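Note that chain A is present in both complexes that follow, paired respectively with chain B and with chain C.
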Partner chain A sequence: MSKPKVGIFGLTGCAGCQLAIINCEDELLDIVGAVDLKSFVMAQSNNEETEFDVAFVEGSVVTREDEHYLKEIRSKSGILVAIGSCACFGGIQAAANDREREDLLQIVYGTKENFYEARKVAALHEVVKVELQIPGCPIEKSEIISGIASLLRGDTPLIPTYPVCLECKYKENLCLLKERGDMCLGPVTRAGCDARCPSHGVACRGCRGPVEEANTASEYSILLEKGYAEEDIKRALRTFAYATELKEKL
Partner chain B sequence: MATEVLLGQGSVRILPKKYAAQFYKNLGVFGELHGPVQVKPGLVVFGPAASFSDLALDQVRTLLPVKKYLFPPKEEQYRFSTREGFVEPEVEEKRTVLFGVHPCDINAVALLDRVTSWKYPDPKYRARRQRLIIVGVDCIPDEYCFCLPMGSHTADEGFDLFLTDIGEEYFVQVGSSLGERMLRESWDLVKQVEQEHIEAFHQRAEERQKAFRHDLDAHRLAQAILVGFSSPVWDEVGKKCLSCGSCAATCPTCCCYDVLDEVNLDLKSGVRIRRWDDCMQPEFALVAGGHNFRAERSTRFKMRFMHKINSFKAEFQRLGCVGCGRCIAGCPADINVIEVFQKITGKKVTSVAG
Partner chain C sequence: MTRKIRVDHLSRVEGHGRIKVEIEDGKISELQFSIFEGPRFFEAVALGRKYDQVHSVMARICAICSAGHKITSIMALEDALGVEVTEQTKLLRELYYHGMFIESHVLHLYFLALPDYLGYPSAIAMVSDHGPVVERALQMKKLANDIQEVCSGRPIHGENPVVGGFGQVPSADQLRTLHDRLQEYLPAAEETVSLFAGLDYPSFTKAPTVFYAVKPDGDLFSYFGSSIACSDGRVIAMKDYRQVCEEKVLPYTSAKQSLPGGQPFMVGALARVNLFASTLTPRAARALEQSGISIPSDNSLHNNLAQAVETLYSFERAIDIIEDLFRRGLKQEPPVEVRPKAGVGIAGTEVPRGTLYHEYELDDEGRVVKANVVTPTAQNQANIEKDFRNCVTRMHEEADDVQLTKYLEMIARAYDPCISCAAHYVELVRR
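Entry: the complex of A and B
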């Protein structure tokens, strides 16, 4: 069996997910050995414009250029994997998705002129067909490696379908929401980070995006009851996933 | 007059509290000493406790129950590779003395013991169970405790030693031959039981029973759940429930698991793991073809208690809920099972918010 041709690409984002792949230091050689890495602009020279069996795409669609680039990648790829919360849900750049671009341009650049051709921020699956999503801000090293292994094997990767709370309980952390009244988004956020933030006494900000069947309505009323202002709760819930799942709910 | 007792299983002795620290130290001969430890205000966990003063014996409940010693949240079943076949992880030989286990938790372990030696024996659990020594200590219930109505407020089996606080002394009961050896190790610290101690023992039991605050009828529960199968109570809870699984994770009797293979990049090796799973998760009853038998949160919540109450009772002649209150203490949505039980049996709700 010949090695699958792989490309790793970035749209608008912080490039942290691509960096997370490069940071797989011990396993990087295994990855490169297992696949035929045709394109990874951030990490290598001599990249090929070719067809790909698998394309990993980071970042979200923020400009027209992103949109064209994504469609081009899609047309050349067998499987398209969205990596990171920007690609899966829009990411932080979608947090202001309810505002007009013109107004935002005015605030940020002092002009309404849309020289970047900015558009409403979209997650990849809102623009093209996406076969798989690996969320995270950035993605977890373990999930990218097991994700690649699963794809090589023809399986779907094991991404947790339960929320952060469960990992938080496994680690026997004090519940920040319940015991301290913190604005913890763990109950509606997908696990897989080993409850990293609550384990350090910091409330979950929802960086891995919404979990399957997130009960946002209940989280919302729990936080209201704890005395948080409506606007603050909405802002927190919109931080990472306002392009997609939460759009209809908030 | 001294009450003469033959030493052996079921025998009793008195341990003056001033010797408790030494008694505890002597238990170290039998295994690594563990017990409830206060990590920070509001957080108690079972963990290593080298000396008696490290123990938080006045605290009612730990976050995770005893099951974490018997059946960890995630464990390696075996490693596999095309070269070496299946390699099981090495069995740890270390023994642990877990001190300060309350009656509800002892009853929960007794139930897990049955589950794991039933139709499908679980050798990994059994091996760990054999190396776990349990020293029970009694407790005074708080607002989330309801072991009394669930019939788990006393422990008749499942411990090696059990200590009841009778003021200046502990009333020590022996529950196994190992427990007897443990008592022998501290023979110079304990004394014979006198009539006054027996009186103090029963007085403590009375006091303890009076401290339970909730009116529940466990005998009616199984029936009430069936009769109230379409009760609005389930929907009410289902709306609030976050499907976070905290209740099942912290429950001393929940023992469902999932088995997964993590394959390495070489596609020739990997590890088979088992991890806790629970019926509050959307995927729990999802089957091939995409059908989900319990797609609604309300039906999952109901399922949890049908299993705890109806099924456990039918299969093991014991209720699967021992009334430890952990699922109340840990639920981020403040769902309170005492309230659910009271509502489903048509009783007045006496529970406080989770």
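Entry: the complex of A and C
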């Protein structure tokens, strides 16, 4: 069997999910040995414009150029995998999606002129068909490796469907939400990070996006009870996934 | 005569960048280095957020210097809130920075820049001929990521550093392990300097250059300090950082360009080494001396050598910090308590590509009402254009289009421009 042709691409984002792949120091040479890496612009210069069996795409659609580029990748790829919370849910840059682009340009660049053809930020699946989503800000090394391994076997990787709280409980951490009254988003956030932040005594910020059937209303009322202002709760919940999953709920 | 060259994909830089040069009758008629990263409006996303929610957002500006954005924003917020952190917190933040510097410099030196000098498309392609070199780079990078993970809870965008300190102080075991591995790979860092000292650096960009860097408060080389030094001898207070980088918005780029008094300047490893070489750690100082490259240098391609020297410095300093932490007695201390109040806070630190500034204005509930971030690549942009101009002016007659394009790519990569993502294309038009 010939090696699958793979491309790794970045739209607008911080390049952290591509970096997370380069950060697989122990596995990197095995990964590039198991696939035919046709395009990875961040890491190599001999990139080919070709068809891909699997395309991994990081970042979200922020400009018209991102939109064209994504559609082009889609048209050449068998399986398109959204990697990271920008690609899956819009990410941080979507947190200001409730504001007009002109206002944002005025705030940041001091001009309303839209040189950059900025548009409302969208997750990949809002623009093209996406076969698989690997969330995280950034993606976890273990998920990218098991993701690639599953795809090589013709399988789809398992992404947890339970919240961060479950992993946090396994680690016997103090509950930051109930015991300390921190603004912890663990109950509404998808697990898979081994509850990294609460294990360090830092509240979950929701970087892996909403868990399936997240009970956002309940989280909201608990935080209100704890004395948090509505605007602060909304802002926290909008941080990583405002483009898609939470739009209707907030 | 009109000649057009277009190289798709300026690869191996972390960003959507585009170079456009037009030469008409032997003279440059147009020259631009544009940044194409889509605007992400971070300053606007920060608005209204409470002080304890801001740094987590701002770290996401960049993955490679996530530690830099995180700590610089935390320091600016602490400045606004009047928070004083413990010596242990300062040391741990510095250790986190050394993890970032080693990771970023090793990635840039071996994976992005070295293939240019050795004639390969990527570090991966170098494996069959230079296996041990690539393996060495991977091991140093891994160690650097482990330093960042121990300090911040994750190699990228870790949430453990907070306003006032750390959620959890790393354990003695974790620090001891890092210490031993830093000792083990110290020779690899020394070999990195020898490797980059042995490369042939063309001098087509060499020209008088103004350098800026944060001025360390003590007598030792450092990425932290409370004022800014300029190569012309001036020292500027941190609160006056806008004197260095008055930002200008240009229609062709989504990074705001910095031009104090209209003059381009350079920040980054070469600026720091040029300004403070005499204060380096012993091995780094010796390695720089043995490199045979005279400092200060006006050749921006020497930035690669300066990065290698700083990699070794960061190894030595990280070892010292861990020993210092043990000498002081490592304490599991909670973050300093913070009382929200109104104020303006400014912080500037050295990150791998140069000086990074964060400024916030908070209201009396500790919510952000104004934010400003100035990144190193935005400051270097005008100097990169200056270098392009010098290179094209000096080389366009003898160099063919392929060579000239390669030179321009080499210049861009020497600065290690961090625009996040993949660069698009160099467009070179000759008429």
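The working rule: the second predicted complex is superposed on the first by the 250 of 250 C-alpha atoms of A that agree within 3 Å, B and C clash if a C-alpha of one lies under 4 Å from a C-alpha of the other, contacts with A are read in each partner's own complex, and residues count from 1 in each chain.
Throughout what follows, a residue touches a chain if its C-beta (ideal position, glycine included) is under 8 Å from a C-beta of that chain, and two chains touch if they have at least 3 such contacts.
Keep in mind the model is a prediction, meaning the values are calculated, not measured.
Once the two complexes are overlaid on the shared chain, A:Ile148 sits against chain B while remaining clear of chain C. Taking chain A as the reference, the larger set of touched residues comes from C, when chain B and chain C are compared.
In the superposition on chain A, A:Ile92 makes contact with chain C only, while chain B stays out of contact range.
In the overlay built on the shared chain, the residue A:Phe9 is in contact with chain C alone; chain B does not reach it. With both structures placed on the common chain, the touch criterion links A:Leu105 to chain C but leaves chain B unconnected. By the touch criterion given at the top, residues 39-40, 42-43, 45, 63-64, 73-74, 239-246, 249-250, 260, 262-267, 276, 281-283, 297, 330-334, 354 of chain B touch chain A in their complex. Only residues 27, 30-31, 33-34, 145-146, 148-150, 152-153, 155, 158, 161-163, 165-166, 169-170, 172-175, 177-179, 184, 186-188, 212-213, 215, 217-219, 222 of chain A touch chain B when the two sit together in their complex. Remark: chain C residues 9, 11-12, 14-15, 36-45, 47-50, 53, 56-57, 60-64, 66, 107, 111, 115, 121-125, 127, 138-139, 141-142, 145, 153-160, 162, 166-168, 249, 251-252, 254, 256, 420-423 touch chain A in the complex.
The touching residues of chain A, counted against chain C in their complex, run 9-17, 19-20, 22-23, 25-26, 28-29, 32, 37, 40-47, 59, 62-63, 65-66, 91-93, 95-96, 99, 103-105, 107-111, 113, 115-116, 118, 137-138, 141, 183, 196-197, 199-202, 205, 207, 231-232, 235-236, 239.
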